[in-house]
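There are structures below to look over.
The following pair of complexes shares a single chain, chain A, combined with chain B in the former and chain C in the latter.
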Partner chain A sequence: MTKIDSERTKVAVPARGKMPSVKRIGGWHAIGPIVIFLAILVVVAILTPAFIGSGGLAIIASSSAPILLLALGQAMVLNVGSIDLSNAAIGLLGAILLALTLGPVAGLSPVIVLLATTAFGAVNGLIVAYAQVPSFALTLGTLGIFQAVALVASGRTTVYVASNGEGVHALYESGIANVPMTFWMGVCLAVFLWVLLRYTRIGRGMTAIGKNESAAIFSAVRTRSLKVLAFALSGFAAGLAGIAIIAQAGSASPTGLGSDLLLPAIAAALIGGTSISGGVVNPLTVIFGALTVALVPIATTAVGIDAQAQSLVYGAVIIGVVALTMSRNKSSIVK
Partner chain B sequence: MVHKVLSEQGAGSITTTAIRIRESGIERRARFRGLAEPLSLLVALAVLIGVFSLLNERFLTTSNIQNVLTQSAIPLIVAVGATLVILLGSIDLSVEGVMGATGMTWILLSNNSRGGADLGPWAWVIALGVALLLGIASGLIFTALKVPSFIVTLGMWYVGLGIATMLYGTDLLPRLQDEGLKGWTSRISFGLPNSFWVALLVIGLGILVLRSTRIGRVTLAIGNSETIVRSAGLPAFPVKVAVFAIAAVLSGLGGILATVQLDIGSPTVGSGVLFIVIPAVVIGGTHLAGGKGGILRTVLGVFLLTILNNGLILSGVESSYQSAVTGAILVAAIVFAAWSQRDRLRVAK
Partner chain C sequence: MSNLTTTPAVLHLNNVSKSFGSNRAVRGVSLSIQPGEVIGLIGENGAGKSTLLKILSGNYRHDEGTIAVNGREVQFRGPADALRAGIGVVHQEQSLFTNLTIAENIEVNTPIGRGGVNRLGLYNWRRLYADAAQALDLIGSHLNPKTRVSDLSFVDRQMVEIARAIRVSAASHTTPLVILDEPTAILERTETAILEREISKLRDIGSVIFVSHRLDEVMRICDRVVVMRDGELIADRTVDDVTEEELFRLMVGRETHAAVRSRRSIDPANSPVISIHDLTRAGSYADVSIDAYPGRVLAILGTSGSGRESVARAIFGAEGFDSGSVSIAGYSGRQLTIKKAVALGVGYVPAERKTEGMVGEMPADQNITLTHPGSAALGPFELPRRRLSLARAWFEKLDIRPREPGHTLQDFSGGNQQKVVLAKWLNSSHLKALVLDHPLRGLDPGAAETVNAQIRSVCDEGTAIILIPDTIDEALDIADDIVVMRDGRISGVFDLGHDNPATLDLLERML
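Moving on, here comes the complex of A and B:
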């Protein structure tokens, strides 16, 4: 038996030797999103100095607000090793509900919307956790359901805020450092989630689920309730995104927008250093992920690339940035 | 050590018999489940057809059946490729982008209202070549750079759309001029729409590839356990690239047929196809984790969704509810499939 033990320690030694390189990847993982955002920003600043001078950063920040909010929710779900394809649809439904209810119930309306979207997210989470179905398929299904509800609730047309819209609109009009409150709302949520993930048992448990769910179950982590919570947070963040949409546009259209936000939000979460297989997330770098996603279209025009090539560049950037920031090791299986 | 293990086995012979009995029970149930899933789908299809034919006498007319077959042809072709990718345990989200790029390449190189070169059959070759390149690019980035397929194909979706938009440019809509090709997809030959014949051919080839070629078998093996595939020295990387290439070519073929059906070239010719194809594969019972499932099941899934949508429209249900119906069926199907396997220690991603 002692022989086996000594062999084990021998095997363990090279593994310990590898630790610094893993750490280095972890470091790049943390600063990668910021470096990439700054690099693109520098290119834009050199090519079009006027853009930065005339409050271009504020424009980027304000246009990234809904994407940021959705991306933060998505990052929480990705962190437990699942995915929420329905969150943009929930956000859009939230925006439509807000536009419809602001008139009749005024100040209560945002509260109702946030409660509703959180409940929608929690339902996703309950089915994923208790029926044990793959989250990709489930949220694809609920995406269809929420889309249809949004279409029916709005009567297939753009819904405008009839009255009492001033309070919500002020979120976009007022701001700190020329950047609207909608963006700062996202930053606050990011800080809150960061504290949750770093310093609380709940957040630690969530990350544990993402890293190794079986191990988390055996360690008595309350995996099911934490998964429900992650999806509920995603719904809550989607509700905030809905409020940001109404604050910015004053109206919500049931077609297009939901799917227009879904993929950029996922891209923002991934560019922000979130691992798609779970267990790695930093809400603070997701902010830079969202800013990068908002910056790419502006950067492509600044560099002088045709407007028509924009989505091509966008796709290439998503693949490139994730390939750069992803942590990987040689023997791991990637699906 | 060996001695000890043997004696332990002898002492626990009663438990081993109990385990064997339990194992054979599990095996029997598994066999039943293997049959029960496609059977329950067939029953669901039969019930749907029965209900809709009672609700509307137009449902079971020849023209409507041909209509349903035409509608299902393009999703069927794309779904064969998607099934192969999902059997790997990966996912292909690039479907709509590849359809757009291929369809646009094809129409601009065919006889269209913008003029330009009319390459005839070469247009098909070049357009499918574009799809092949996109597929190989996805496959290589996925295998060589180890970027998860979800992200690679998400990026390729945009890349494909971008190529289509660039080719489209700012000119007028390219309209199909060839009278022989206009409406070719829904024209009937030997009792079935042309596009459905193409779909049947693709399904046949797909089943052949999956069942009796090395690519197909290694695909299933990768879905079950890539570690074992690699340690057995099987070519995991080339097979993955090949599967992504096949899927992209099939998406491209779907894109060309969709362009023929639409009569005009549009970058978004494939919009909405992904939301039929992936639910259809999952409803058919192919596992998203890979390794289990098949093409015929996917065919049943596509039929279920197209018949449902067609029947609901004929019954006068507003089209707003369509996505909810697809979504609800998807949720019901996965919950139904997973219910018997629920276990506190099971991990479902």
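Moving on, here comes the complex of A and C:
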């Protein structure tokens, strides 16, 4: 029997020979976004040493906060094999609602805003899961709806926080290590999501959906509820982003700060190693994805690149970085 | 072109080797195939068969040795070169464009300009249909080239693939060599008979390499059988000099130990775990009543139109039904969902392992705890260390190799993957019934035997098994009860405890 066993083990060798390389990619997948952020930072530090000295890092971190929050929500939705194009619009609507309600209801206002944005996200999820509308089409539609609601709610102008804004504003003014609390809020959310994905059955189920939805269904994973939850988390994270916007600007408008965060947030999620076809995500590296996205425009200015060429550099860097960090486990199928 | 006195071999391999890094997938293979010969190529998964086929089809380049086609040495730079030399491969997974017509599929590889089918990048439709019809005629098929492939049965699609494989060589008047890579793996028995007939027709126009895991088929169809193991060609026998048992031993490296199952009749004191009554789904099956008892394997036989797969899926809540009832462990409801069925203690191993049975990119241990976390769970949490040790225990018990539960499941071989899928259900604390839809599909005989042994031991521990087998022999080998279905209705019920149906009798009730 033992002789037979050794022979049969030999048969399995080809499969085994393949395994270490997969593992190596996994390792790069975990640290790639960090390495790339640091590499860009080093280049900037060498070219303009003053940038780092004058608190440039804190500027990057604080400007990355809303992107980070939205990117984390987006990453959760991407992980279940869907996409949420409406989350930045939900975030901005949340900011407008916060600015409108802080005066009348004070401390209750952020709670109401978070409940509302989470509900918006959940509605997206419910329609995707139960009416089976493809998420791209659905959230493209709800993106328009939320933008319209934001226009109506704001009366097409900038809404200023009338009173009671101190508490929210303090999130931006106070901080740890010179970095505002809004950023640390994102870090806390990232840690929470990391634990959710790594150590809970809910997280495991979500990842299974992203990797192979049919198999998840046949394994009795509650695929519909988990999709709704992923979208609800995206709405919740968007609500936090709305709070971060008010904390930073003290006001919100349909065309102001936060109105163009959708694509940077998706870029941050991708640079952070999230697979656009689902099933691969690490919220902790998404932090560095968001930092990289915030760093690039600041760095191009600091290095002194012509303003007209900045978006070209920005675009080129995003493509290059995603090419380097993108998870390619899913054979060659990249959506 | 060919010398009349000594016809050169259609294909001659001399000492062909291919390595991937340190892994020598094919080692010094020498093989010669004469015109009109049908060669069976067998070997376990991972024995190097696919690598050898990919060398022949021009997908891989060999490192050492020479390949000669019709006496001339060749170097394939790509699949197009192989096709031009007359080697056509029919792949295991069908690779037809289902939205196009038969003719377009057959002509897709024809070199531009040459046959006149494709001139200046434009199709000459009349030529296209005529040439396709000719290729079909050559293999004795009477399909209409204008039919869309999506409207064809599986067997007919296979014929289109064969026609496509010989099309290029037919145009250049070389003797074709057709390689059939496990063409029968997912065919029903009756369809297999049709395909066997077609293969013997190919004999008249060229040669065939037939790759299969079904040894009985290989013995019936082929003139000669070559066996691969660990990258080497270890045996080359004519079918008259070899037995099925010997082939098994050569392939796997040990004797078969298929013990004859001792059977008892249904104990009248026992009550069924799953009882379906007058189950009907319009257009699929009608008035199906089946009882599955604990500790018994119930096999449902039938052809692809029998509706047996749909019945199996209805029991698991994966497909709805129009009328009748399914009761599981006393529970009976109109709306059975997968969630409900699993909660009641039913497990399901789907036929499509890679797409429905497992999350290939997830590690094996996470697949095992996906449905029933067992001791790995702590409230809503799942502890990686406990999960790993739980998975290790299953790897030990089911002999899953290599013993690396942390590796991605897709890196394991088919048989080991199937055991992980089994473990996922066995990890339930309240498993009462397992529905197995073609559990041995695509497994080599060695792997199939070990999976079968596990199914038996699960059954002996008191689980009811409902099995959709690949073959009648598989049913006779493992089942205690056999239900035969024909056109959606039950045409025979046998309790092997006291009935002893002949294969022919079962076959008659299927057709």
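Things worth noting here:
Here, the second predicted complex is superposed on the first by the 312 of 335 C-alpha atoms of A that agree within 3 Å, B and C clash if a C-alpha of one lies under 4 Å from a C-alpha of the other, contacts with A are read in each partner's own complex, and residues count from 1 in each chain.
The working rule: contacts are C-beta pairs under 8 Å (C-beta built on N, C-alpha and C of every residue); 3 or more make two chains touch, one makes a residue touch a chain.
Not measured: the values here are computed from a predicted model.
Legend: residue contacts after superposition of the two complexes on their common chain; A:Ala267 is shown touching chain B, with no touch to chain C. By the touch criterion defined above, A:Gly279 reaches chain C but does not reach chain B.
In the superposition on chain A, A:Arg156 contacts chain B only, with no contact to chain C. In the superposition on chain A, A:Gly81 makes contact with chain B only, while chain C stays out of contact range.
In the superposed model, A:Ser219 lies in contact with chain C only, and not with chain B. Within the superposed three-chain model, A:Thr207 lies in touch with chain C and out of touch with chain B [touch as defined at top]. When both complexes are overlaid on chain A, the residue A:Gln310 reaches chain B alone and has no touch with chain C. In the superposed pair of complexes, A:Ala50 makes contact with neither chain B nor chain C.
Overlaid on A, the two complexes show chain B and chain C touching the same residues of chain A, namely 214, 217. Across the interface of their complex, chain A is touched by residues 88-91, 97, 141-142, 145-152, 154-163, 165-166, 168-170, 226-227, 275, 278-279, 282, 288-290, 318, 320-331, 334-335, 337-339, 341-349 of chain B.
Residues of chain A touching chain C in their complex: 4, 7-19, 22, 198-202, 204-205, 207-208, 211-212, 214-222, 279, 329-330.
Chain contact summary for the complex, chain C toward chain A: residues 20-23, 25, 44-47, 230, 253-254, 318, 338-339, 341-342, 348, 350, 352, 355-362, 366, 369-371, 373, 377, 380-384, 401-402, 404, 407-408, 411-413, 416, 424, 446. Touching chain B in their complex are the following residues of chain A: 81-82, 127-128, 130-138, 140-145, 147-149, 151-152, 156, 213-214, 217, 263, 266-267, 270, 276-277, 306, 308-319, 322-323, 326, 328, 332-335.
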